[in-house]
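Input: a single structure, listed below in structure tokens.
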């Protein structure tokens, strides 16, 4: 199973890079859908004993991360005419470079960290840290409201991946609670993004800078 | 069972209030659930029940303090909301009351749970429950506020989730799969065995994550916007209850770290963040032109004080907890009064408000009293709190911290005093209504009650509360005076 | 003890009782004033008994607040401050009744509520044996007095004065807080220790600085006095009378109570006090001479007297350090006596001048003149107060000043080297201060009350004064004379307090020393009366003719051509010009047919322009720089979060990560 | 309360009016005039006391009270001074402070009376009186301080009594400076030239004269006598400093007062005729000089 798991993790990284390079929002959403599917596969790959727990987790992940969230995002920007990221503070190249740096750092740190006994997939920790950092890259460099939501999703997914290392030890209830929170969170974010679009007739979050002292 | 009820009553109330068609009855639902919640909390205080609900919930002094403060503040806000709903149509429409109750439910969950995972779930839930209350689709400013609130807090909370996972890893890596990880008792029991590196990492992420929610600089940026833009009862709830809940989450982390004998690295972090927050708050309070943002920054300062107090340990922690209780009540009442001012004057600009004492005597008097209460002046509850806090600093041989804090607080008092007294004093504004206007009881009594409570606590600390404070302080390495 | 408790209780009741009669202002005022007077009477009895009592009356009860305890201690020293508090408090309460000054929502009662609260808190300050209680009472005192200062908060000037007062008080309270924290940490108890604990030299210095800031601000010790002139000018007359007469003595009580806790007196402490006192006295009295606002004149004179008291305390400490009992006893008794005499005289003066200002609807000395003729009784009493403040023989002020001089002379004789030189310098400065004080009071009375009016008072002003105005002033004036005629008994009464301050000192020495002053005052009064009678007999023959003042043949516009207050002060101002840096704007006269000429001079307090403005400005500029960093973008804010995370992680983990 | 003290007091009270006249006579002689007869002041006093009183309508009781206070204070001050070189009639420890205080009281009432008339002339005079006192007062006290240090005493009786003779042997320099400084203070306090000009007829240049411009009849008489007495007191102080007579037999000590006072008066006259009147702004400088001199005397005794 390890190989399978590693492949999936590799694909997850790839999707993250894809988000970093592409500027078109709809494309980003599609990529996140793919990432959702991959994440749903991970519990199976994580080598934890298959059971109700894993099954429910897989199903829930698939439903929410690959199903609902992308819909919400698409709905949020349905009125947005311009769907390109405008003037990110660093271009795609810079994004990729930062991403690479993130990956390097993540693996560097992860290999030095002491690990729980019998961690199925070695890659889980570094990949999670990497996608966490890449999520931050998106969050701190993109300007459009929806891009930030996507960045948040990447971050969240990274943490989710790390959560899988403990798949057996975290009660199902908590896992589901986490999923639910993410769902509601993104739902409200979607609402707000939609409203931002209405109000500003653009996704540019730089326009939301009126509250200051 | 009782504990479960404390969480479920508001939750079910939220559902019921949403389903109830008649808008008139929603207020009833709100006040009813709030009162019931307060009653249950009181019972819990008396019985101090052991673990309930499969050991996921439990009542300990630390949680009890926060729960009590939250419950009291919520009752006040609920009563205020009755008068408030008569004037303004609520944000979030029919969901308004439900969101309020949902917030109460999640806050109670955070206060009572013993599982870090549930703790996290509850924290995130508070964010999500309050966001719609700040959010007013028609108002661009509130849109911006809620946007920043959501993004920054969600990111912060996400970090906290990672921290939680780290904590579990610290447990598994060192102890192996014995006992449930993330259950507070098990963690405390095996604290000394926890893997130090993971534990530290966990604490850092918890601190930054929940610290974001708590409003520690430099993660505080969302707070003034949200508190400034939210309707006054919500601001009161945010800074009277929500911040303390977040603080509790941080304290839980401290609890584990302390049990693991790892205070050595945690304390300086807390002190650093605390002092930084105080400094930032002082800087932004000076010349602050919006009185709601002013109150928000003063909340940041309060949170900084609490962090420093916990970081100092010893008596200081006791003081910090006492200050937490006092500050939550005082700040809530101040925000409610600010709401009254906003209703009458229709502006948030400090400069455009004057003559409160003449125009609306009760609210004006409350505002001035609140100013003195929040700046830890005797005979209010924050005074002994601050005294204990500073005494801890001096006894610990860190007089410089006491000096810095006193100076910063003096600066804060200068700023807030200039603003508040400028609003309160002076001739009554020449308006259509003759001064003094009659003030709605529902809008005046709640803040009055809160301030009275602060005063009473300052005049005499009930032994029960004092014991609880001492016990709670002890769990994070504090001591009683 | 029960008496004083009853007094405090009555005051507290008075502080809340007015609420019963919110609607009926007169009843509210009656309740408030009545409570103040009754409480004062009880307190006076308690103080009187304690003044003579050898050992302290102690009461301590538990107070369920961390560190705090309801510890009260009434010893001779406390009584020495409690007695004037009660006397003047009662009289000021009566003074407050006729001047319907309380215009705001709460009505007259609200003012009396704060007034009673102020009395109660001041009494508690004097009595407190627990540091927390003391601090709490101190703060309440500040807030109550603040409320009284901003009584007329419709005026912007009043609001600003009040704010300034509040800020300085809070800074001082911060110093006190720190002082108490350190003391408590050193002694391990929050009870007010009677015995000093050994501190390191640096610690002593730090604690002393904290004391001077904390107590000195309230006592108006230069350079912490800047709040006082504005606040006293802003407050209603009876309030400034109470604040200036009694509240500043609380600061001196603090110093007297806490300085011994520093351990054996050190020369540094003594010389610092002497220096601050001398410099403050001279500087303040010069400023008093140059003020136009009558109440600011009095306020600066208060600062001057605070300086004298500080100087006396310093001399006493120097004596204790040098082992010169005579100097020690003289110095401390001078301080105590001057506190008493100044309290009485200054509240009398504030009451009288305040009444005049209220009638004239103006505090501008240049607009006054000839008011004595309108209100002979009040005017006469005011003149008595002015003479007492001017410290001329025959009135109370002189005894205090004489004691200070006496102490300095004694010090000059017994001390050696620098200390002796310091004493002589003190003598010279004190002499100059006395002369300027004389000029200042002559200016206040001569320009303000004598001569002819420069501006006509508003119609309907100066109706016959209420008895509630004249009676308290008369009582104060009488006490000024009484103290001057019989100083020995008062000094004897203060012996107990003196013994607590100067252990092993012989108060009888002072009692004997001041006895001749009493007879001097009596003889002087007699001789003057004799000459007056003689003169009356001579001038009485035939009816005295009344004419114009001889004006060199020019008798037009007598009011406008009088000597003005500024011109009266001009010689002194010119002599001290480099010190005062007065801004003078003069216009004309030019040409053969000068159109118009004007001359305006303004002297600012150097401590404000030179110290406080720059300091506060600098701090706020610094914080402004921090504010400018704000860039309200969500991405920027998120960067802050990441930054914090990375910094902390780096701090914690770099050593761990690189470890294999 | 000795006979000699009473005698000396009586003597000085009697001869006080002579001193201004003597000084004036000296000036006249040195400027080649004959001048007024020595007894003229007594005639003037008699005349003034006989006159009726005239009062300005603006004046109040203060104006009428002032002469009594001025003279009364001067009389009591005279009682404190050890005129017979032994001890004052009512001397006590620290009486020198009272002495200064009494003179200050006189000054204050004089100024108030001047301001009471509401005339700018009197205001001017009062302003100058008060202003110059700001500098003469410290000088006087430094003189007293130097005397105290030189003699080790803190009462006039001691400073000018027996210890003074010993002090002259021990600290002549200090006492000499004290004497000179005291002389300058005398010129200012007794309002003589070069500080004031008693003979002028131009109000703008006067100090003491203009302050009492509006007084007439008995009031003026009393004030004139009071100022003469003040002059005499300072003269006695000066004489006492240079001429410690404690050791002399009492009658001689009292009798010696007369020539001593006369000498001082003549000296004052000489100075007045020798020196031009100072510009008013320069008076403080002169007095500061006096203070500095006395301070120097003190410094010599600091050890």
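Each chain carries a letter (A, B, C and D) given by its place in the written order, and its residues are counted from 1.
Criterion: a residue touches a chain if its C-beta (ideal position, glycine included) is under 8 Å from a C-beta of that chain, and two chains touch if they have at least 3 such contacts.
For reference, the UniProt names are A, D = Hydrogenase; C = Oxidoreductase.
Quick caveat, the model's predicted, so the values are computed rather than measured.
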Chain pair bearing the highest count of C-beta contacts: C-D
Subunit B and subunit C: spacing of chain centres that average the CA atoms, whole Å: 43
Distance from the mean Cα position of subunit D to that of subunit B, given in whole angstrom: 78
Centroid distance [mean C-alpha coordinates] between subunit D and subunit C, Å: 36
Whole-Å gap separating subunit A and subunit C, where each centre is the average of the chain's CA atoms: 69
Shared interface positions of subunit A, touching two or more other chains: 139, 148, 205, 208-211, 213
Contacts with 2+ other chains: residues of subunit B: 147-148, 151, 155, 197, 225, 284
Graph class of chain-chain contacts, one of line, ring, star, complete, other: other
Full enumeration of touching chain pairs: A-B, A-C, B-C, C-D
Footprint of subunit C on subunit A - complex, ascending: 89, 108-109, 112, 136, 139-143, 148, 205-206, 208-213
Subunit B contact footprint on subunit A (complex, rising order): 113-117, 132, 139, 145, 148, 152, 155-156, 159, 162-163, 165-166, 168-171, 173-174, 177-178, 180-181, 184-185, 188-189, 191-192, 195-196, 198-199, 205, 208-211, 213
Sites on subunit C touched by subunit B in the complex: 63-68, 104-106, 132, 135-136, 139-140, 143, 150, 153-154, 156, 159, 162-163, 166-167, 170-171, 174, 177-178, 181-182, 184-185, 619-620, 623-624, 626-627, 630, 632, 634, 637-638, 640-641, 643-645, 648-649, 652-653, 656
Subunit C to subunit A touching residues, read off their complex: 627, 630-635, 638-639, 642, 657, 659-660
Touching residues (chain side subunit B, partner subunit C) in the complex: 147-148, 151-152, 155-156, 159, 197, 200-201, 204-205, 207-208, 212, 218-219, 221-222, 225, 265, 269, 279-280, 282-284, 286-287, 318-319, 322, 357-358, 361, 372, 375, 377-379, 383-384, 387-388, 390-391, 394-395, 399, 402-403, 406-407, 409-411, 413-414, 417-418, 421-422, 425-427, 436, 458-463, 466, 481
